[in-house]
Amino acid sequence: MEGLLQLLFNGLSVGAVYALFALGYTLVFSVLGVINFAHGAIFTMGAYFTYLLIGGAVGANGLLAGLQFPFALPFWLALPLAGIASAAVALVVERIAFRPLRDRGSDPLLALITSLGAGVILVNLIQLLVGAESYSIPVGTLGSLPAALNIAGAKVRTVQVMLLAISGLLLAALSIWINGSRSGKALQAVSEDPITAQLLGINSSRVIQIAFGISGFLAGMAGGLVGLSISIAGPYFGIGYGLKGLGVLVLGGLGSVPGAVLGGLIIGLAEACVPADLSGYKDAVSFGFLFLVLLIRPQGLLGRPQSNKV
Amino acid sequence: MDAGLLEQMLLGALLGLSVYLPLRCGQLSLATPGFFAIGGTVAALLSTRVPALAGSGSTYPITSVLLEMALAALLTGVLALGLGRVVLRLRGIYLAIATIALVEILRVVTLNLEFTGGALGIFGIPQPFDSAAGYAAFTLALLALICWLCDRLEKNRPGRAMAAIRDDELAAASQGINTADTKLLAFVLSALVAGITGVVAAHFLNSWNAKLGNFDASITTLAFVVFGGSRTWLGPVFGGLLLTALPELLRPVGDLRLIVFGAVILVGPLFFPKGVITPELFKSFKRRIRGTPTAAAQGVKP
Amino acid sequence: MTLLQLEDVGVRFGGLQALQGVDLEVKQGEIFGLLGPNGAGKTTLFNVISGLTAPSSGTVRWRGASLDGLSSHRIARLGIARTFQNLRLFSSMSCLENVLVGLHQHASQQPLAALLQTQSFRRRESQLQQQALALLDLFQLEDTAHQDAASLSYGDRRRLEIARALASRPQLLLLDEPAAGMNPSEKDELRELIRRIRDQFKLTVLIIEHHVPLMLGLCDRLAVLNFGQRIALGSPDQVRRDPAVIEAYLGGGA
């Protein structure tokens, strides 16, 4: 029983981060119909921002070697600030990699390339500035919380509980925003039918910016959380999440917000179920799901079917 | 120019062609690095584990390389035939994501299998050529052959069918074009080119590991085509040559080079939405080559 | 002789019954018109015949044999060509290339000959080019042969689409609103053109068009669809006087 509970906690806490990550993908996909390949890089930025804000020092290899902020914020404050900074980065990505294509009426698939270009720039910028070494966020920044909690006999890391709690909070806030606010409803309208939305007077450029902003905020927070629970394994560490996020996205259904959450939790749990002697194959779980879903039910668990227009 | 860099550029051009073939048919497949990795693994395994292929001379026989290429083509071709039937039912971004997943699954499996050398890969792949220049000459001949085949393909029945599917799949089917088979043909040809290229690359690089067929490679090779242009074979060749050379040519700017590379991928599609080599440019290029035979002898196209 | 036969054809999209119990027989050599208000199911009927939409019930027969389950390229190869209501030209290709794609089935299928550009292969290709140019000529598009299809005027694009459909040498030509967007004199020319190609290529034509005078003057027989059902069938005179047709066009629909 304890083992099962442990497994559940491990899986759900990883899955919650996947869900946060995939939500950013899905928000952008729902308004633009393309994948933002810079998303993994924005996630990475979030992790580094968090590290700097808690007072972490830059190593010896980058241009900014030895840099350290004169203050050290507690994690609960550093994380949302890092999310805001990541949102700003996402807005810049939208401005340089997406908007020019829209203004020129180019093939939307080109955004795959331009966003990747933006991602390459971001990742290498990080490398240039702070070097390629890995960093970790000390658990001490959580304050006086104990390192592990005992829940119904299972020993659970506090960090995992935090991951779950923060992710749950963000997901709830997001769904309240989408269903309850004016801008959230505008987002839904644009994702249903951009042309009609425009006719109804919805400023789709504004909605797209909002989608990117929130997407970047969530990615940045996810980056900070992973940095806390595992570590920041160098500038490239977001790419793996970026790819797994695709699996989450497809499993839940492209463009579906509840789908991204469900997909994240399922894949997190499935990865946690991979036995230790096969742990090398863990990374394939997400892609295996992805592949199967595309073949059996391309619209995903909660997505809408692809339209086949005549 | 450094022959080693030239060889890398030529391999880049071949990979560009591999991404281009399905894209010319309107299919955004990112499976090229997967088939490239299979080709490389086939070459690495055969040349290091099968003593009969090593020959008696000091260098590895070219006939053995050709045999590896044939086997790699057979394997990737059969695999693409089977996978293509399944994945080509997907459209647009869905096909792209499915092929990314294929490449990643393959990478993880290669990484974990004993006989592919795991994370370290396979070392000491024998050399059929003494110098990088030998590789470059061999690869140039291969590239020329494949360009010639692509040129013929484009001008004829399957090429027209591919272009029609890209413009409007439904209308193409209404003209009697077997769209499923045509897309499959493009996918299989793409796999063959990637597999054969993998064989050459494995020998050239001397070692082979799972990292060579990863997601980065998917996107870089796609960038070759998007940057160069996807309407004629010259586009991906141009894009592959230039973008492979770029990070090396930018070496003087040091650490900034990958940032500049990213900027090129970012800005390229904005200024050249159809790629640098548009069909009009291609036609005038061909006219110029026909007009001056000496230029043809020295030029890219044999 | 009956060329095309629809037996009790029905199509359901979710909760919408787009076609219901439609019976039709199209005889060889006739120009058969389909009339009906918007949303009556005319284009759906074309999609069923050309294999783009599978009927939920009933059967389509071509020369007595069922077309059930055949994909659209197979149906096209049997000799059924079509145009589209909202024009589906290959927009990145020239007019000539569009027609050449129409000639697809008749191009050489020997890959080796194509690779080596054998003499017979080149002769075949140049024959195809000439056929394509002759078709463009027939539709007065010879001057624009090398222009992009997307750059043509609307009426020219409509004619190019018919030329492309004819290139496959069909026995049955399905025309979906070929006169849409044309001015009155173009419409008159189109009527003559359709008659001429019917005689010259020994075609059977099935045509959807909203312009009632054009249809009454052109078609040998007509069927009228409303809400997915056939409400009238007969010669132009019979259809003109049919009370159900008058009701559909002037009554509740208006």
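Each chain gets a letter, A, B and C, in the order it is written, and its residues are counted from 1.
The definition used in the following text is that a residue touches a chain if its C-beta (ideal position, glycine included) is under 8 Å from a C-beta of that chain, and two chains touch if they have at least 3 such contacts.
Because the structure is a prediction, the values reported are computed rather than measured.
Enquirer: Just grab the chain with the largest centre-to-centre distance to chain B, centres being mean Cα coordinates.
Expert: C
Enquirer: Give the identifier of the chain nearest to the protein's overall CA centre, each chain being represented by its own CA mean.
Expert: B
Enquirer: Taking the mean of the C-alpha atoms as each chain's centre, how many Å separate chain A from chain C?
Expert: Using C-alpha averages as centres, the distance is 50 Å.
Enquirer: Using the average of all C-alpha atoms in each chain as its centre, how far is it in Å between chain A and chain B?
Expert: That gives a centre separation of 32 Å.
Enquirer: Can you check how far apart chain B and chain C are, centre to centre, with Cα atoms defining each centre and the answer in Å?
Expert: 41
Enquirer: Could you list which residues of chain A touch at least two other chains?
Expert: 310
Enquirer: Residues of chain B touching 2+ other chains?
Expert: 170
Enquirer: What residues in chain C touch two or more of the other chains?
Expert: Where chain C meets two or more other chains at a single residue, that happens at 52.
Enquirer: Spell out the residues on chain B that touch chain C in their complex, using ranges where they run on.
Expert: Listed in rising order, the residues of chain B that touch chain C are 149, 152, 156-157, 160-161, 163-164, 166-168, 170-180, 231.
Enquirer: In their shared complex, at which residues does chain A touch chain B?
Expert: 33-35, 37, 96-97, 100-101, 104, 106-107, 109-110, 112-114, 116-121, 124-125, 127-128, 239, 243, 246-247, 249-250, 254, 280-281, 283-284, 287-288, 290-291, 294-295, 298, 306, 310
Enquirer: Would you pull the chain C residues touching chain B in the complex into a rising list?
Expert: Answer in residue numbers: 50, 52, 71-73, 76-77, 81-82, 84, 88-93, 97, 100-102, 104-105, 107-109, 114-115, 117, 125, 164, 167-168.
Enquirer: Can you list the chain B residues touching chain A in their complex?
Expert: Chain B reaches chain A through residues 28, 86-87, 90-94, 96-98, 100-102, 104-105, 108-109, 111-112, 170, 215-216, 219, 222-223, 226-227, 255-256, 258-259, 261-270, 273.
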